[in-house]
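Below: a set of structures, written as C-alpha cells.
Common to both upcoming complexes is chain A, partnered first by chain B, then by chain C.
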Partner chain A sequence: MKKFLAKRLSGRHSSLWASFLAIILTLITASALLLIMGKNPLVAFQSFLQGCGFLPKANYGGGSGMLSDLFDFLNYLAPLMLAALAFIAGFKTGLFNIGISGQMLISGFLATVLVGYNKELSAVVAKPLVILIGILAGGLVGALVGFLKFRFNIHEVVSTIMINYIISYLTGFFINNNFVNIMTRTSNVCSPASRLTWTNVQIGGVNCKVPLGIVIAVLIAFVVKFLFDKTSFGFELKAVGLNAQCAKYFGVGVGKSIVFSMAISGALAGLAGVTYYLGYTNTIIPKTLVGMGYDSISVALLGNSSPIGAIFASVIVCIFQQGANYMSSRVGVAKEIASLITGIMLLYASCGNYMKMIANSYLRKEMDKSSDRKEEER
Partner chain B sequence: MEKVFTDGLSFALPLLIMAVGAIYSEKSGVTNLAVEGFQGVGAFVGALIAILLIPLMGNGNQAIIYIAMLAAAIGAGLYACLHALLCIKFHADQVISGVVINILAVALTTFFTSAANTAITGTASNKFILGVSNRFTVPGLSKIPWIGGLFTNMYPFEIIIIVLVIFFWYLMNKTRYGMSLKACGENPQAVDAAGGDVEKTRWIAVIISGALSGIGGMCFAYSLLANFSPSIYQGYGYLAIAAMIFGNWNIGSTALVCLIFGLAKSGGYQLCIAMKLPSNYSDLFLMLPYVLTMLLLIFFSKKNHPPKAAGQPWDKGKR
Partner chain C sequence: MSEYIVEMRHITKRFPGIVANDDVSISIRKGEVYALLGENGAGKSTMMSMLFGMYEPDSGEILINGKPVVFHSSTDATAQSIGMVHQHFKLVDTYTVAENIVLGIEPMERKFGFLPWVDMKKANKEIAELSKKYGLEVNPTDLIGDLQVSVRQRVEILKMLYRKAEIMIFDEPTAVLTPQEIDFLLDIIDGLRKDGKTIILITHKIMEIKRIADRCAILRRGKLIDVKNVAETSVQEMADLMVGHKVSFNQQKAEARFRETILDVDHLTVKNEDNFEVVKDVSFKVRGGEIFAVTGVSGNGQTEIADAVAGLMKIASGTVKLDGKDITNASVRERALSGISYIPEDRHGTGMVLDFTLRDNLALREYFKEPFSHKGILNQEQFQKYAEELIGRYDIRSGQGPATIVRSMSGGNQQKAIVGREIEEKSKLIIFVQPTRGLDIGAIENIHRQILQERDNGAAILLISLELDEIMELADTIGVIYRGELLKIAPAGEMSSHEVGRYMMGVKDA
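So, the complex of A and B:
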C-alpha cells in the first residue's frame, strides 16, 4: 500500500494523485467530524449529492425536480469555475490574487447599475454589455494591483485585501443610499433582459434556471489553457512566475507581465462577478464579500492550478457548497460545515508538494535498500 | 476631540500587538500573512472559555477577561503550530500557507461557534455575546489638554499590551535569543554554522506570533465588537501586516504607524458624527484606514528592507 502510493505520487501523474489523495483525506476527516457529532457521514454525503441534483431526493416541491436542482448547481458552478480560473491566471505568474471577491463585487455592482437598471435595453444588447463591463471593471482593478506591485513593491496579498474592503464599503454605501430595496435590505433586482441566467425554462416538465455562465466558464478554461500552453505570451507569464530574475535576463518585461497577468486575473474575476451577481443571485447584499473568492483558491490548488483540473475540482467543491443547505435540513448539521470541508481540502491540497517529497525520498530509500541487498548477496 | 484619542488608542494597541507578533515571525524568516487567522482563532478560543466561565463565575466578573485573554494566547499559539508545520517542516510556500491558515480559521471558527452555541445554549446563533470590558481613567494625566484623551476611559488590556510590547521589544533587541532570531531571518546558514538551531528558533517565533495575535483578537472582541462572531474578520490582521511594513519591521516605528491608523479610524468616525451626516455615510469613513493604508504603502513600500531570508524554507544543504 505504502509502496503503491509512493510510486503513484512520484510517477507521471503525481499531481493528479496528490489531488486525489487530498480529496480522500478530506472525506475521511469530514467523516470523523460528523461521527464525533453523532451523525451518519454516509447519509450526509448522500444528501450533499441530492442537494445538487446528482441523486433524486425523497420528495420535490411543485414544478421542481432533480433537473432543476442540477441547473441550480450549474448556476453556482459557473462563477466558482471562473473565479478559480481567475486565481490560476495570476498564480501562473506567481501572483496571489486573493482580492477575487472584491473584483467580483465591483464588476457586479457596476454592471447592475449601468445595465441591470436600464429597462430599455433588449437582451441582445444587454447581455454582451454586462459581460463587457464585468471584464473591464475587474480587469482594471487587477491591472491596478499589478501596477502597485511592480511600481511600488506592494505585496499583492496586502493590496488586494485593502481594495476588497474599500470596494465593499464603497459599493455598500451607494447601494444603501440609492439602490436599496426596503423590504429585503439588498439592492434592487436587475432586469430579466440583462440577467445572464434564463429563469422559468421548462425542461422535462420542471422549472429550470438555465445559466449562460457555465458555457462561458468552460470556454474560458480552454482559452486559459491555450494561452499558457501554446502562446509565447503565456510562456513569458509563466517564466516570470517560475523565476523572475531569469525571465528578466532573457528579455521578458517583468513589470509588463505582472500587470498583464493581474489584469487577466481581474478580468476573469469580473466575469465571475457578473455571472454571480447578475446570474446566480440577481441582487447584491451590501457590504458583504462572497466567500467564493476564497473557495476559488481551494479549487485552484486542488486542480493543481491547471485550467482543465479546475473544471473537475470546482465540481467537487461546488457539491459541498451547493448541497450544504439540503444536507443541513436533512442531517441537522450547520451548513457552515461546507466551508469547513472546503478549508480542510485546501489544507491537504497545499501539502501536495510535501506528499510528493516524502514519496520520492521513500522510493529512494527503498532503492538503496534493494541495491544494498544485492551487493550483500554478491 | 478627546474621544478621538481614547478610541484611537483602544484600536491602535490591539493592532500593535498583532503587528509585533508578525514582526517576530518575519524576523525569524517565516513570512506571516496568517495574522488574520491567528487573531480570529484566538478570539474564538478566548470567547468560548469566557462563555463557559460566565455561568460559574457570574456575569460581569472582570477576572474572566484575563482568563479569556490567556486562553486566546494559548489557543492561537497552538493554531500557529499549523503554520509553522506547513512552512518549516513541510517547506510549503509561505504565502499559500498563510492564506490557507486564514481561510481555514474563518471556516473553523464559524462552524464551531454555531456548533458550540447549539450545544451550550440550544440556539443556533453564530455569536458569543461577551459584553464590553470595564474602563478606567488615569487620574492627573487625563487632565492634560489634547492628549489627555489617551489616558481617559482606558481598557485594562491596554496596559497589558503596553507591558507585553515593551517586554517583546527587549527580548528581540537586547537578548541572545532575539539576536539569533533576527539572524535566522537574515542569514540562517550563519546561525547554523554557529551552532544555532534554525528550525527551533523559527518554531518559537511563529508560536509567539500566534499567541500575540490571539491576544489582539481577544481585545477586539472585548472592546469594539462586544461579542465573538465572524465579523471579527475585518481585515485588521492585514492592517497589522501593513503597519509592520511601514514600520520597516521595527517595533518602535510600527507602534507609531498603529497609532496613526487608530487615530484615522476614530477621527473619521467622530468627524462623521460632528458633521451630522446620516448613518449611511459612516461607511465612507470606515473605509478611511484601508485607504490610508494603501496610500502609505505607495509612499513607503519602496524604501524598506524586509528580512532577507523571509519566505524561503530553511534548507540545510543550500548555500
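So, the complex of A and C:
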C-alpha cells in the first residue's frame, strides 16, 4: 500500500495523484467531523450529490426535478471555474491575485447598471455587451494592480485587498443610494435580456435555468491552457513567474508581462463576476464580497494550477458548496460545513508537494535497502 | 595522550542521491597544517562540517585528543576548542569588530551588583592584544560593514582565537583574496602554527598547499585517495591524484590576431539603486579576436560593467557602441539581437529558469524567432531538435536529456548549457562573468578551451573574473578595476600577477 502510493506520487502523473489523495484525505477528515457530530457521513455525502442533481432526491417540488438541480449546479459552477482560471492566469506569472472577489463585484456592478437596467436592449445586444463589460472592467482593475506592482513596487496581495474594500464600499454606496430594492435590501434585478442564464427553460418536463457561462468557462480553460503551453507570450509569462531576473536577462519586458498577466487575470475574474451577478444571483448584496473569490484559490491549488485540472477541481468544490443546502436540511448539519470542507481540502492540496517529497525519499530509501540486500547476497 | 589531536575514523556520510564521504579516515597531529585537497564535490567541506558539528556522520567516529566525541551542533565543537572560518563569513555588518567577536560569549558583569552589563572596554582591549600578538592588524572598534573582505576574514580568525580554539578549520580561505592578501594570510597561518595551533586547510589550490601545509589528504568523489607529506611530493603529483588523471596546466593558447574594434565603452558611469556610482567614468575598447579581462576584488563594479553593456543596468552617462552602432539606450533584446552574448555571474538566479526543462532553457535566445515560433505559436519540435543538437555539441549531460528539469542537473552541466546556448548565437561580443566559479578542473579546462576558441574565431571577449589565475592564463589585455574605476589597462604580457594584485588594492603607481 505504502509503496503503491509512493510510486504513484513520484511518477509521471504525480500531481494528479496528489490531488486525488487530497480529496480522499478530505473525505476521511470530513467523515470524522460528521461522526463526532453524530451524523452518518455516507448519508451526508449522498445528500451533497443529491443536492447537485447527480443522484435523485426522494421527492421534488412542482415543476422541478433532478435536471433542475443539475442546472442549478452548473449555474454556480460556471463563475467558480472562471474565478479559478483567473487565479491560475496570474499565478503562472507568479502573481497572487487575491482580489478576484473585488474584480467580480465591480464587473457585475457595472454590467448591471449599464446593461441590466436598460430595458430597451434586446438579448442579442445585451448579452455580448455584459460579457464585454465584464472583461473590460475586471481587466482594467487587474492592469492597475499590475501597474502598481511594476511601477511602485506595491505587492499585489496588498493592493488587491485594499482595492477589494474600495470596490465593496463604493458599489455598496451606489446600490444603497440609487438601485436598492426596498423589500430585499439588495440591488434591483436585471432585465431577462441581459441575464447570462435563461430561466424557465423546459427540459424533459421540468423547469431549468440554463447558464451560458459554463460554456464560456470550459472554453476559457482551453484558451488559458493554449496560451501558457503553446504561445511564446505564455512562455515569457511563465519565465517571469518562475525567475523574473532571468526573464529580464533574456530580453523579456518584466513590467509589461506583469501588467498583461494581471489584466488577463482580472478580465477572467470580471467574466466570473458577470456570470455570477447576472447569471447565478441576478442581484447584488451591497457591501458584500463573495466567498467564491477566495474559494477559487483552493480550486486552483487542488487542480495543481492547471487550467484543465481546474475544471475537475471546481466540480468537486462546487459539489460541496452547492449541495450544502440540501444536505443541511436532510442531515441537520449547518451548511457552513461546506466552507469547512473546502478549507480542509485547500490544506491538503497545498501539502501536495510535501507528499511528493516524502514519497520520493521513501522510494530512495527502499532502493538503497534493496541494493544493500543485493550486495550482501553477493 | 594520543599522538593525534584529531582522528576521524571510517567516516561515511550520505546525502540524498550521493555518498559525500565514503569510509574516510584521517588523523591530524597537534601543531601541523593539514590540508584537504579535492575538487568541488569531493567531500572536503562535508568532512569538516562534521568535525565542526554541523552534520552528524552516518557511521564512523570522531576522536579529539584520543577521546571519542559526538557533536550535535557547532556549540559542542566549540566547547572542544574547534573553530572554523567559513567560506561565507558569518558577521553582522552593523556591529563593530569586537561586538562581532564577543557575540554569544559577551564578558558580563553586574553593575551596582545587579545590572547586567557587557564590558566592551575590556573586550576591545583583549581583542586589540590578540590582534597584535598574531599580527592580524585589526582595529576592534571598526564597523564590519566598512571593512575589506580580507580584514573580515581576519576578524573570523580573531573570533576563533578569542574562543580559545586550538584546532582551526579554514574553508577555501584564499578564494576571495588578492595575491598580496594571500601572502599575508599564509604568514598569519604560519604564525598560528608556531604558536602550537593545529590548522586544517580546505582548498583546491595546490600552490598554497605546497607553500604552507605539512601534510595533505587528497579526496576524490568522497573517497580518501592518499595522504602525502607535502615536502616529499610535487605539485604535479598532487594535481594528478586530485583529478584522477594527468593534468595539463597550460591551455594551448594561439597568438592573438586582433581585428577591428567591436565593443567601444566610452566614459561609462553606472549608478546602483541607492544612486551610488558603482562604475565611474570607465573607458575601454575590445577588438575582435581579443580577450579583454577585467579583474578586481569582488564588489568593485566589475559585474556592473557587464550588466550595463548587456542592458540589465541603466547607463547613467557615457556611451556604449557595438560594432560602431550606439546601443547605449537599446533594450536587452535589441542588444542581444545586434550581437551580444552574456554568460552571467549567477547561473541559477540569472542564467536559467531552474524549473524549466533543459529544452526550454536552451531556447531562451531563440524561442521568439522563426522557426522556433511562428506568429507567436511555439514549435515544440524545433525546440527538441535544437536541444538535441546543443546537447551533443557541448556534451551537456543530464538524466532525461532535453526533458530534464534543469534544477536537477549538476553545476558543471548547467554552465555547459548556458555557455553552449550563448556561444551558439555566434555573437560579435561574448561577455563571460565568473565562468568557472564552483566548477571542477575538468569543466574549467573545457570552458577555458571554448573561450579561447571563440576568440580565435574572431569574437570579442569581455572576461570578468575574480580568479587571478584564470585572468593571467586567458587574457590578452587586462583592465584592473578598483572602486568602480579602471585604474590600469595593459597588455597581459606586461604585467605580473603581483603587479595586478597591487592595482587591485588601489595602488595607482605600482
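Methods note: the second predicted complex is superposed on the first by the 378 of 378 C-alpha atoms of A that agree within 3 Å, B and C clash if a C-alpha of one lies under 4 Å from a C-alpha of the other, contacts with A are read in each partner's own complex, and residues count from 1 in each chain.
Following the convention adopted for this analysis, a contact is a pair of C-beta atoms (placed from the backbone, for glycine too) under 8 Å apart; a residue touches a chain by one contact, two chains touch by 3 or more.
Fair warning: this is a prediction, and the values are worked out from it, not measured in the lab.
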Chain A as common anchor, with chain B and chain C clashing or fitting: fit
Touching partner for A:Y354 - first (chain B), second (chain C), both, neither: first
Chain B versus chain C as contact partner of A:Q245, first or second or both or neither: second
Contacts of A:I297 with chain B and chain C, given as first, second, both or neither: first
First, second, both or neither for A:L67, with chain B first and chain C second: neither
Contacts of A:R364 with chain B and chain C, given as first, second, both or neither: second
Comparison of chain B and chain C by chain A residues contacted: B
Touched partner set for A:I285, first chain B, second chain C, both or neither: neither
Chain B versus chain C as contact partner of A:K230, first or second or both or neither: second
Contacts of A:L212 with chain B and chain C, given as first, second, both or neither: neither
Nearest-approach distance, in Å, of chain C Cα atoms to those of chain B in the combined model: 5
Residues of chain A contacting chain B in one complex and chain C in the other: none
Partner chain C, residues of chain A touching it in the complex: 230-233, 235, 238-239, 242-243, 245-253, 361, 364
Chain A-touching residues of chain C, taken from the complex the two chains share: 16-17, 310, 312, 331-333, 336, 342, 344, 346, 349-356, 360, 364-365, 367-368, 372-373, 376-378
Chain A residues within the chain B interface of the complex: 37, 96, 98, 148, 152-155, 157-159, 161-166, 169-170, 172-173, 176-177, 287, 294, 297-298, 301, 334, 336-337, 339-340, 342-344, 346-347, 350-351, 353-354, 357
List of chain B residues in touch with chain A within their complex: 33, 86, 90-93, 95-100, 103-104, 106-108, 110-111, 114-115, 118, 124, 126, 234-235, 238, 241-242, 245, 280-281, 283-284, 286-287, 290-291, 293-294, 297-298, 301-302
